[in-house]
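By letter and in written order, the chains are A, B, C, D, E and F; residue numbering begins at 1 in each of them.
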Amino acid sequence: MAALTKSFSFSAAHRLHSPHLSDEQNREIFGKCNNLHGHGHNYELEVTVTGSIDPQTGMVFDLVELMQVVQEEVLERFDHKHLNRETEEFHNLNPTGENIVHVIWNLLQPRLGAHLSRVGYGKPRRISLNIMERTRKSPA
Amino acid sequence: MAALTKSFSFSAAHRLHSPHLSDEQNREIFGKCNNLHGHGHNYELEVTVTGSIDPQTGMVFDLVELMQVVQEEVLERFDHKHLNRETEEFHNLNPTGENIVHVIWNLLQPRLGAHLSRVGYGKPRRISLNIMERTRKSPA
Amino acid sequence: MAALTKSFSFSAAHRLHSPHLSDEQNREIFGKCNNLHGHGHNYELEVTVTGSIDPQTGMVFDLVELMQVVQEEVLERFDHKHLNRETEEFHNLNPTGENIVHVIWNLLQPRLGAHLSRVGYGKPRRISLNIMERTRKSPA
Amino acid sequence: MAALTKSFSFSAAHRLHSPHLSDEQNREIFGKCNNLHGHGHNYELEVTVTGSIDPQTGMVFDLVELMQVVQEEVLERFDHKHLNRETEEFHNLNPTGENIVHVIWNLLQPRLGAHLSRVGYGKPRRISLNIMERTRKSPA
Amino acid sequence: MAALTKSFSFSAAHRLHSPHLSDEQNREIFGKCNNLHGHGHNYELEVTVTGSIDPQTGMVFDLVELMQVVQEEVLERFDHKHLNRETEEFHNLNPTGENIVHVIWNLLQPRLGAHLSRVGYGKPRRISLNIMERTRKSPA
Amino acid sequence: MAALTKSFSFSAAHRLHSPHLSDEQNREIFGKCNNLHGHGHNYELEVTVTGSIDPQTGMVFDLVELMQVVQEEVLERFDHKHLNRETEEFHNLNPTGENIVHVIWNLLQPRLGAHLSRVGYGKPRRISLNIMERTRKSPA
């Protein structure tokens, strides 16, 4: 079994704020990340696909296709956007790292199928790195 | 002559939009960076101070003092903020990399005096790195 | 299942020397790392916690709590210390990378419980990277 | 269970060209990577060995031995070579990342046995990273 | 004065071989880098332009224009090429790091004029980094 | 004018303690860095040599010679040592970053002469980076 990981990056603004919590709870839990107008990050996204090596091409997955799927499903949705204010996905969902990788998994899975094995996400400089891993048997 | 460089990082949202240009010109020049609600970055800030080595302490500048000055003048102003909407400095000034280093130079210079020799600034992953250098004789 | 990884760093001196080996064997196996007064490293520590995403907060684990646990159990013990001479843990235990991650696992596990899934450790610049992984069923 | 990962690097030229495809198919699939004279990369190689910690030495595997095995089996074969033209392994095998890790796994496995658990390979700067993982039970 | 640095990367194969030296001298001086079929690298290129900040746009130089110039003059010439065999510039010139930055300076200078202040070049992982700096007064 | 920079690394233990200050002053100024048994770092060393490009070899300085000089003068002296206890240079000199680059400049200058233009030094992860620059006219 071989795995191919490709990294992507995008820039976005976000505000940590949960609709299931009061304003006071939001301030207490998320601190300055709850700041009204939001702040921003460069997000590093890693997508891993696994499979056997095609004996004709020597590849486990077509890299060009992978890049196109991520471009269409993720980068065009989130790059240079204010996640809370300009994306449908985070209009009522707190854009924590965990929820961002969950959403991205669900956007990529229909296109990549059983090949998708990991979605990783990090804010640079180790401030926090969130990795979503699910078994390929029960991806959703 | 020895030089001491300390790196800092902060996260902020910004929107590239010049008050001296029409909306159409802003869209044409800044593209998706002109997006209404802004996007975000992790900014890497480098501050360089120079001088001779103090024979008693073996230091060119007190690192603790340098960190305190940058904390007070830069990080508390800009970290986790939307630069256009929440900072006085960029209320009427386009928050390009060039203007950000210019503003930071002018904030640090009164506190660090002739020791200040460089303010560097970068968005990670080489998308763009802007460095402000002025001679110590004519800092402003 | 989502995983959250947080990186930490600390600086310490150590000397590779096993009490179960003769001085000659120690010199032969550990070479210049056996040098009497020790040498030093910046250690990169990675701690991974896993779990399901809390629907209220959108988080898999409280990052502030994770940072506090690592601060109390690891950083206050080992940062800016000579591991062999100033820590109880390595007074009679050879401070190899493998033993350091083993010790750190055992320090964190009572506080993080079943959430703890990986302790990684690296000396920068790929000279050696040691990763401790145990199944969550038999953590100790 | 502890794991030790050591990184290595080598520089090589290669040309993506599959003997199982027509010239036209090769051009279409591999684009400029199919360029006749080849191009080049710095390859980052990661080798992971796993095992229990030896109570005498505090090590999971002798790092010096690991470095010697990789030097003899991989670096002397591939470093500063044109993979297609100067190595037996890729004379009739397309030197994609997937095939390179496969070949390296098969070169290392007889020397490292059940300790070998992962061969990772990356072209720097996230353009593509290929990781080979197989269970230790069925390594070939 | 503000400076803007943009990084680019390209992959190429090269062989260190000087037409001014005998085959024996070439082998002695360049060792395995003189290997007949060449080897390869990922090259990191840094281009720095300096100037004053335009008060209308807040920029020192149009980043889009800079990227286009480097694309046309450097990347289309050298990316995914065998420098010795497929480029006019290095047909009779030894493609050392020093000569590569010299050639790139001369390719960029007519397009960037007095704004060009530095061409930097590095093979990743600090094996060697070559930086070309000339005063803006006598750029050629 | 071309410049060649080569990076090196070494691991050492040190204790910040100035013989010109009282024990109390040392504790106050250097904090936990003044800890009796010392702590440690991986040090990154950068050495820059400048000159014109030799038309025969295409090189500004012989990289092999540069590596040999740094090996003999710096790495053999300081790598895997406790700087305060095992090196003559820091027996009575506080091993701050500033003093370390100063000492390294004075060790390299007699061997590299007018070619030496910069000695840079950093503790990884931006905690502090110290750079020594002197004009080539008055190097000592």
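Some points to look at:
Here is the rule we go by: a residue touches a chain if its C-beta (ideal position, glycine included) is under 8 Å from a C-beta of that chain, and two chains touch if they have at least 3 such contacts.
The model shown is predicted, which means the values in this text are computed figures rather than measured ones.
Among the remaining chains, those touching chain C as well as chain D are A.
Chain E and chain F have CA centres that are 29 Å apart. If you average the CA atoms of chain D and of chain F, the two centres end up 36 Å from each other.
Contact with two or more other chains is made by no residue of chain C. Viewed as a contact network, the protein chains fit none of the simple shapes, being neither a path, a ring, a star nor fully connected.
Taken pair by pair, the chains that touch are A-B, A-C, A-D, B-E, B-F, C-D, C-F, D-E, E-F. Those residues of chain A lying in contact with chain D across their complex are 1-7, 48, 53, 55-60, 63. Interface residues of chain E, counted against chain F in their complex, comprise 16, 18, 20-21, 29, 93-99, 101-102, 126, 128-134.
Considering their complex, residues 9, 11-14, 32-33, 35, 37-42, 79-82, 85-86, 123-125, 127 of chain B touch chain A.
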